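Next up: some structures, all given as structure tokens.
What follows is subunit A paired twice: with subunit B in the first complex and subunit C in the second.
Up next is the complex of A and B:
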């Protein structure tokens, strides 16, 4: 099977939505092309656990019929999306990429966020590969696809929303859903070269999702551009009574707020740890600061600041995450240790190594750090950092132990519950994507997306497509 | 100091895994032993003096479990 390249004009949700309405494209044709690419490239890239081709084509036909009849449900209508396989979706099993999860988990149901996308006329290509229970590294012996970075298959696509990240990057979907507990939307977006938004805690209802860290989890949109993420979020966001943490906050028309202006925007650049750490790759450092200069050229201002205890914040997020995950998995870890992947089980078991007092202290730290970040936001509109310290690492170099030692720039914003978007800002000399993270105040998704969109209106890093078509099976 | 107190990661990891009822391979045990000092160091670093006035972020509101209005009975201080 061949993988027909996507046209640049229809590789984004915005572009495809326009083409679906001017008569130059049908959802059926677009979905068939995406399905052909997904089926041809999945053996090499491992993006999908399950490609639901028949259901997708039915949804596409329904979208075409509705649009032809004047039933326009907005820009997601007829758009092929990938759904991370820890989120319940009718017509497909939810596996969490694990032998441990009960096969009946979520069967026959849509998570509220999936139901909203379905009502908006979206097309579901299938269930996208996830790190096991959104925390492990791939274990090829467990029977699930091993995901690969489309820019270089020897490198990691990061996790845990690996499949959605690969699918968006390689044109196997135009967007999709990820979940983020310590960086699992932003890290795949960063290393696969597209846009990914971690939303404010409670912005999107997370019922119907296999939990990882109850107080840190969020569902976020992943797509090529900030505009596309805004279009997804407009549908995804809003209160739902089945999630006790869902926020009763109004949902703005995010796409209408993306006017390309950052005039007067005040940017904080936390230099210690986020910009001067010895593990930070110089190319990543420089690319982010070039992007900041571009924003300053559009009328923003930037100031170097200090955010104390950033290293401890990374660890506090990890301690809370593994404690909450351990509580969920404890009985299965005791009784089914070897059914978990070889990298998943030691990571989850770390929850047994921290004391009850350590977890309470991490929660106390969370209060102090949140207060400190809030104080910073009294004088600034956004905080900008690299999304990751390095471009995608070689997959063979990854291990749970290494994760304990490496610097990370994402978990801080799960700890504080804030919105943060990762966007591409260039490529390394080795050809791997570089990425910048824009953090905002609670429920200021519109602000971080507006900054991201302003930069994407004058750059085209987010439109770059990896050279994957030769990998087609 | 009691005789059972130890700073030996191997003994600590053995005790933690036993208490947690986790049966791991020899290689996994060796990894836990190697990583334990890093795990402990990360937790110890959070015991900062400036956190003394803070409560943990965990919240519990008993009213969450009652659908009707709940008010305190009248008393001499009411």
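Up next is the complex of A and C:
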């Protein structure tokens, strides 16, 4: 099986959608190419748990027939997507990359978000690798693919939406779904060099998804560009009665709001912790500030601010996350401890280490911090930070305890339920992607995507593809 | 309770989990960090309802 390179013009959803409509490309040809790449490169990259090739080609053929007949369902029609393997999808099992999840979980059903994509005519390449139950580091002894960063396979692709992150970056899908509870859409987008959006809590229904932290979880689009994420979000977003947390908020035509203008945009740069921490890589620091300067050149303004208690906010998110995860897993941890991965089980057990008072205090902190951030947003439109303190780390250097101790810039926005997008802003001298995070007010996905798109209209970091074809099996 | 290892053993017993030998080191590290994390979050006085104005009081 060979992996033929994707053309830059059709490596995005927007480009492919145009080509599908001007007759220069069919969904069948595009999907076959994507499938060939996925099959050839999966042994090296570990992006997929299950590649649903036959079903994907049937969906592609149906998309071609529909488009030829004038049944145009929008830009996702005929587009190959990856679905994170904690999200239910008809025609494939959902494993959560674990021996613990019942094999029949979600069988024969689509999560509402998947059903919406299916109705929009999307093509599903397969179920993408995830950290076990969206929280553990890979355990090679459990029989699931171990994911690798396509820019350097010795480095982590981050998680927990590892597979979708790899697939988008390496051209094994043109977009896909991830979930984000503490950074699991944004971190893979950041280290794999593409765009990933954590939505406002409740923006996208999360029923039909194996939960991690029920008050923090969100499903988000991952794709090469902000425009592509906007196209995905238009279909994904909106109320669904099966999710008690789903918001009754209208869904804008996100793609139509991307006009490239940030004139008058007020950017807050929280310097303490986010920009002055000793763990922040200097190249990451500089790349983000260069990108901010580019936005200022387009008419935005930026101001250095202080956001107090940022370090505590990271910990409060973690306390709530593991407490909620532990509540879900406690019986299985008792009865099936060694069926969990070697890194997953001590991570989940942390939920038992916090007392009821600890969790209550974390929730009190959450309310206080949310009010503090809301006050900041009275005078600014977006907050910009690095997406991560460093480029992708070496996989061999990772450990659950190290993850607890490193600085992190993502959990704050799960704690406060706000939208936040990660976009590439350059490369390190070692060739690894650098990434910037843009945070908005509640339900201001249009604003954060607009800012991201404005930058992507004058830069091309998001179009870079890792040189993976030589890794083909 | 004299030290963290005893505390951890009690917490694990209360949770009903039976980790294997090789899990104990990572669990001990995680427990120690958890105590630090919770103390840090608890130290934020602005998030504590100990201010008199925030305590409900009923007067006859």
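Assorted remarks:
Heads up, the rule we're going with is that the second predicted complex is superposed on the first by the 473 of 473 C-alpha atoms of A that agree within 3 Å, B and C clash if a C-alpha of one lies under 4 Å from a C-alpha of the other, contacts with A are read in each partner's own complex, and residues count from 1 in each chain.
Just so it is clear, a contact is a pair of C-beta atoms (placed from the backbone, for glycine too) under 8 Å apart; a residue touches a chain by one contact, two chains touch by 3 or more.
Source: prediction; values computed, not measured.
Within the superposed three-chain model, A:360 lies in touch with subunit B and out of touch with subunit C [touch as defined at top].
In the superposition on chain A, contact of A:36 is made with neither subunit B nor subunit C.
In the superposition on chain A, contact is made by A:316 with both subunit B and subunit C.
Touched by subunit B in one complex and by subunit C in the other are residues 309, 311-312, 315-316, 318-319, 330, 333-334, 337, 345-346, 349-350, 352-355, 358, 361-362, 364-365, 367-368, 400-401, 404-405 of subunit A. Residues 215, 309, 311-312, 315-316, 318-319, 330, 333-334, 337, 345-346, 349-350, 352-355, 358, 360-368, 370, 400-401, 404-405 of subunit A touch subunit B in their complex. For subunit B in complex with subunit A, the touching residues are 16-17, 19-24, 28, 31-32, 34-36, 38-40, 42-43, 45-48, 50-51, 54-58. On the side of subunit A, the complex with subunit C involves touching residues 309, 311-312, 315-316, 318-319, 330, 333-334, 337-338, 342-343, 345-347, 349-350, 352-355, 358, 361-362, 364-365, 367-369, 399-401, 404-405.
If you check the complex, the residues on subunit C that touch subunit A are 8, 11-12, 14-20, 22-23, 26-27, 29-31, 33-35, 37-38, 40-44, 46-49.
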